[in-house]
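Okay, here's the structure, questions in a sec.
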Amino acid sequence: MAHFMTLPEAVAQNLNSGDTAAFEGFTHLIPHASAHEALRQGIKDLTLVRMTPDLIYDQMIGMGAVRKLIFSYAGNPGVGLLRRLRDSVENGWPHKIEIEEHSHAAMANAYEAGAAGLPFAMLRGYKGAELARVNPNIKSVTCPFTGEELAAVPAIRPDVTFIHAQKADRKGNVLVEGIVGVQKEAVLAAKRSVVTVEEIVDDLSAHPNACVLPGWTVTVICEVPGGAHPSYAHGYYPRDNASYIAWDRIAADRDTFLAWMKENVLDATPEVFDDRVSHLRSRS
Amino acid sequence: MIETDFTPTEMMTIAAARALKNTDVCFVGIGAPSAACNIARLTHAPDVTLIYESGTIGTAPSVLPLSIGDGELCDTAVTTVSVPEMFRYWLQGGRVTVGFLGAAQIDRFGNINTTVIGEYDHPKTRLPGGGGAPEIASSCGEIFITLKQSKRAMVEKIDFFTSFGHGEGGDHRARLGITTKGPTLMVTDLAVWRTDPVTHEFTVVLLHPGVTREMVQAECGWTVRFADEVDETPPPTELELTTLRDLNARTKAAHSGAHTGDAA
Amino acid sequence: MAHFMTLPEAVAQNLNSGDTAAFEGFTHLIPHASAHEALRQGIKDLTLVRMTPDLIYDQMIGMGAVRKLIFSYAGNPGVGLLRRLRDSVENGWPHKIEIEEHSHAAMANAYEAGAAGLPFAMLRGYKGAELARVNPNIKSVTCPFTGEELAAVPAIRPDVTFIHAQKADRKGNVLVEGIVGVQKEAVLAAKRSVVTVEEIVDDLSAHPNACVLPGWTVTVICEVPGGAHPSYAHGYYPRDNASYIAWDRIAADRDTFLAWMKENVLDATPEVFDDRVSHLRSRS
Amino acid sequence: MIETDFTPTEMMTIAAARALKNTDVCFVGIGAPSAACNIARLTHAPDVTLIYESGTIGTAPSVLPLSIGDGELCDTAVTTVSVPEMFRYWLQGGRVTVGFLGAAQIDRFGNINTTVIGEYDHPKTRLPGGGGAPEIASSCGEIFITLKQSKRAMVEKIDFFTSFGHGEGGDHRARLGITTKGPTLMVTDLAVWRTDPVTHEFTVVLLHPGVTREMVQAECGWTVRFADEVDETPPPTELELTTLRDLNARTKAAHSGAHTGDAA
């Protein structure tokens, strides 16, 4: 059964240096507050998993918290490249991270296989694609009925998954609505899970077929309003596109980056997220 | 009514939009394709089904999304599914007629690189990676590509095969057991290119108004092949141009918003 | 794009003798009206696929329309066995049907693989279970990463799938709510699909993550209110349990069965279903 | 308060219900287990999670469903998922602590047959088949079984291995690479049986009030093994019995409904 606690407590109890961790979110509901808390607690040597590493992974890589990245698309969506990731991969600053790279289809299937308790996922994928040459975790299986060869990738099973969701009820049942991404799979595939939510309510009032994680599948719930900012929480506040655009400039320079991180992450608290979305709520 | 005052990018977007049919189911790649696909929907193809990899199916945004997962894509969609379902049932399921891709680097056979410039292990420039493209390229009925021409983007040999077009040309695709058509169309800011049915090399079939063969060659890293008959791309109609400019204006207004500056 | 037509037209155009057909529904939304129309049109030699063949497949088997059955649980839920199925398998009346039998997990995965365009499904299943001995379509694949052996079954790809749903809009988008079973997969896995609905509406008013089949994935929509009876349509009418209980007596005797089928199926029309649920609607 | 006036079936249901803990996640098999699971929920285990294979998770019906997919299961559930998801994420995912099964035919090692009486290809009686049972038996943390005793049901050798219990006993389960515990408990209308930790044979540990060893053997087709110490099953409490009888009365009223007679 999910426990309710503060985000600092949740991170301290569930994320260890050296862990394989997923902070999932597909554009929507990206768990920024959780990632920032992990940085404040000085967690290091992480293997980070995510289909779409964006600002938070750029930040964690730039702060030297990451040993390895497993991913399929590393960009600032609609804006450009991830400059801290580039600096690590191209120049080794602050150190060179290890990379395991897949396609979206393979990552989505690998999470799905993790949730389904399977050791691997299969897909009709990577045909003619060169990732299969550089990633030894892309293998194949043969259909025992047709002889067709299909791609195979290991299931993703994080030590801990962090997601942000709209609501939880007092029994810890979690509702995710809108663009649901791969969050349900990322939680079900993980050994532990921390879910930050916009609010805790008496009744989820969820559609019977909505994306709901029952409380007993979740380790911890933390109420962190605004915790996805500058990503968005459908029904609460829109995406702060201007902050995504601004990030490109902040991340372009190491000193600017470090100063920004000190001011906005290291010296901040989870409570600041509520303020950061206050001007956006009216546009939701 | 025909407009004569338009930019090459506008011509590119409009020419790309024209390629989509009302009955198409189109997987919209990140970046440039989004504008073309939505202009198709807002002009001659109101019932075209647009799918974004974020899980939104049959979406009809009033502004272009900055990301492929903006909230309006969900608000206006027929349905929004999980990302695993998107890639399993919808893309791999063979339900998508057209995959519309951009490209950081492309060769004459429609092979695309969005992974690295330089060596994979020691890249000069680390690009975002494939995302959905490797399987979009193999699972969609056919592939349309749109990009602005430059010698940096259109190269003799790409640094990395992120997604497979026609490989070395000819029947290379079939030899790998890929049953879909692959790239059949490329629309740049200068020309419309179709794939040669035998060699599968991109061939210029239309030059945009005012563009010469030399201009196309000047911005292309391989020796450009032209069709036996090269016509002129019909210029944008007033409806097309107005629709595009309105969309761009709405988009700009929506994305600029008040900058918070204190959190990203 | 889905075409709108009457159920007799839809069956005539989409179901042929010799087809592999699925009339899916997991207790909820079972497409009774479609199955009855198929019997009226004298379609024969069918390979019927379904996880839970119940009354309609009992009826189709008893009427001699079925050559082969692919299934995982053949019972009258909560009541007993399927007596017409038994009479065919045990006594060859009216003829002996061929059987391909799976577990629910395998069938669900096989539909899922069909929807996903894969040639086969894999699952951790059939361990120690004897079905693997009697069904040659249960094979295995080996995980290329862990060496674990997993069960493999061919994907299900019906020629045509029939389902019943709550609503369609005028563009043919279909909404299924409540216990959604395997209907979405059964439609997406099939070459053609016929969807009967309780009503056609201007606006589905569907939750963004509800189970919706876009109109272009469906071949035909037919408005047949009550078309699931004595199964139910969540939000429209409840399950007519008394009819399920009564079926046990009707199906127990060949002559009683044939007389019942003549009166209630062969001499009836799709329109009678609306009447059959009229007394149930108030209980919904 | 202890009741003394109860039927063997009531004792069976109540004894089975007691085996479920408040923290269990229970996959409820079709038939007899449903009553036991819901009595657990309505008495000592209000937070037990009941899952039916129709996709309903955390359901709390006020009447027992006739089928495993009645509408009330959905109305009262925390969430309702598709059947493929149910079998992939929830059962195969290893999230279920207890699978609760009935049995048409069972042997002393908890192997169950619900497929055929007689030969598979030429059955004397064609039973419904396995449904969810083959994978419930292998994927759940442990298996509880409940059935009314009879020599027809409890046999020396079952006709078909629909779902695997402990096979030939001993470490047979482990030898097949199955990592879950398998059958650990059987509750009949006469006794409570636990699995021997070494031989994995069902062993009577409790006799229901008024039941003798001879009565258990008279309704069992194999030579019954009794534990060194056999105690008496605590009789139903007033709360247990009232809860069960109320549930049965509500269920009967709900399912009898006006019979339409003209369509099934």
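As written, the chain order gives the labels A, B, C and D, with residue 1 at the start of each chain.
As a convention for this text, a residue touches a chain if its C-beta (ideal position, glycine included) is under 8 Å from a C-beta of that chain, and two chains touch if they have at least 3 such contacts.
Since the model is a prediction, treat every value here as computed from it, not as a measurement.
Here A-B and B-C were compared by C-beta pairs in contact; the pair with more is A-B. Chain geometry summary: the mean Cα position of subunit C and that of subunit D are 27 Å apart. As a whole-number value, the distance joining the C-alpha centres of subunit B and subunit D reads 57 Å. Centroids of subunit B and subunit C (each the mean of its C-alpha atoms) stand 40 Å apart. Residues of subunit B in contact with two or more other chains: 74, 80-81, 88, 92, 139.
Among the residues of subunit A, those touching two or more other chains are numbered 112, 117-118, 123-124, 148, 178, 180, 184-185, 208-211. According to the touch criterion at the top of this document, the contacting chain pairs are A-B, A-C, A-D, B-C, C-D.
Listing the residues of subunit B that touch subunit C in their complex gives 23, 25, 47, 49, 57-58, 74-75, 77-81, 88-89, 92-95, 139.
For subunit C in complex with subunit A, the residues that touch the partner chain are 117-120, 122-124, 137, 139-146, 148, 150, 152, 154, 177-178, 180, 207-211. Listed in rising order, the residues of subunit A touching subunit D in the complex are 1, 112, 115-118, 173, 184-185, 188, 206, 208-210, 212, 214, 216-217.
Chain contact summary for the complex, subunit A toward subunit B: residues 26-28, 32, 51-52, 55, 71-75, 77-79, 81-82, 85-86, 89-90, 101, 103-105, 108-109, 111-112, 123-131, 134, 148-149, 178-182, 184-185, 211, 229-230, 232, 234, 238-247, 250, 260, 264, 272-273, 276, 279, 283. Within the complex, the subunit B residues that touch subunit A are 30-31, 53-56, 65-71, 73-74, 80-84, 86-88, 91-92, 115, 120-121, 123-135, 137-139, 160-164, 167, 172-173, 176-178, 254-264.
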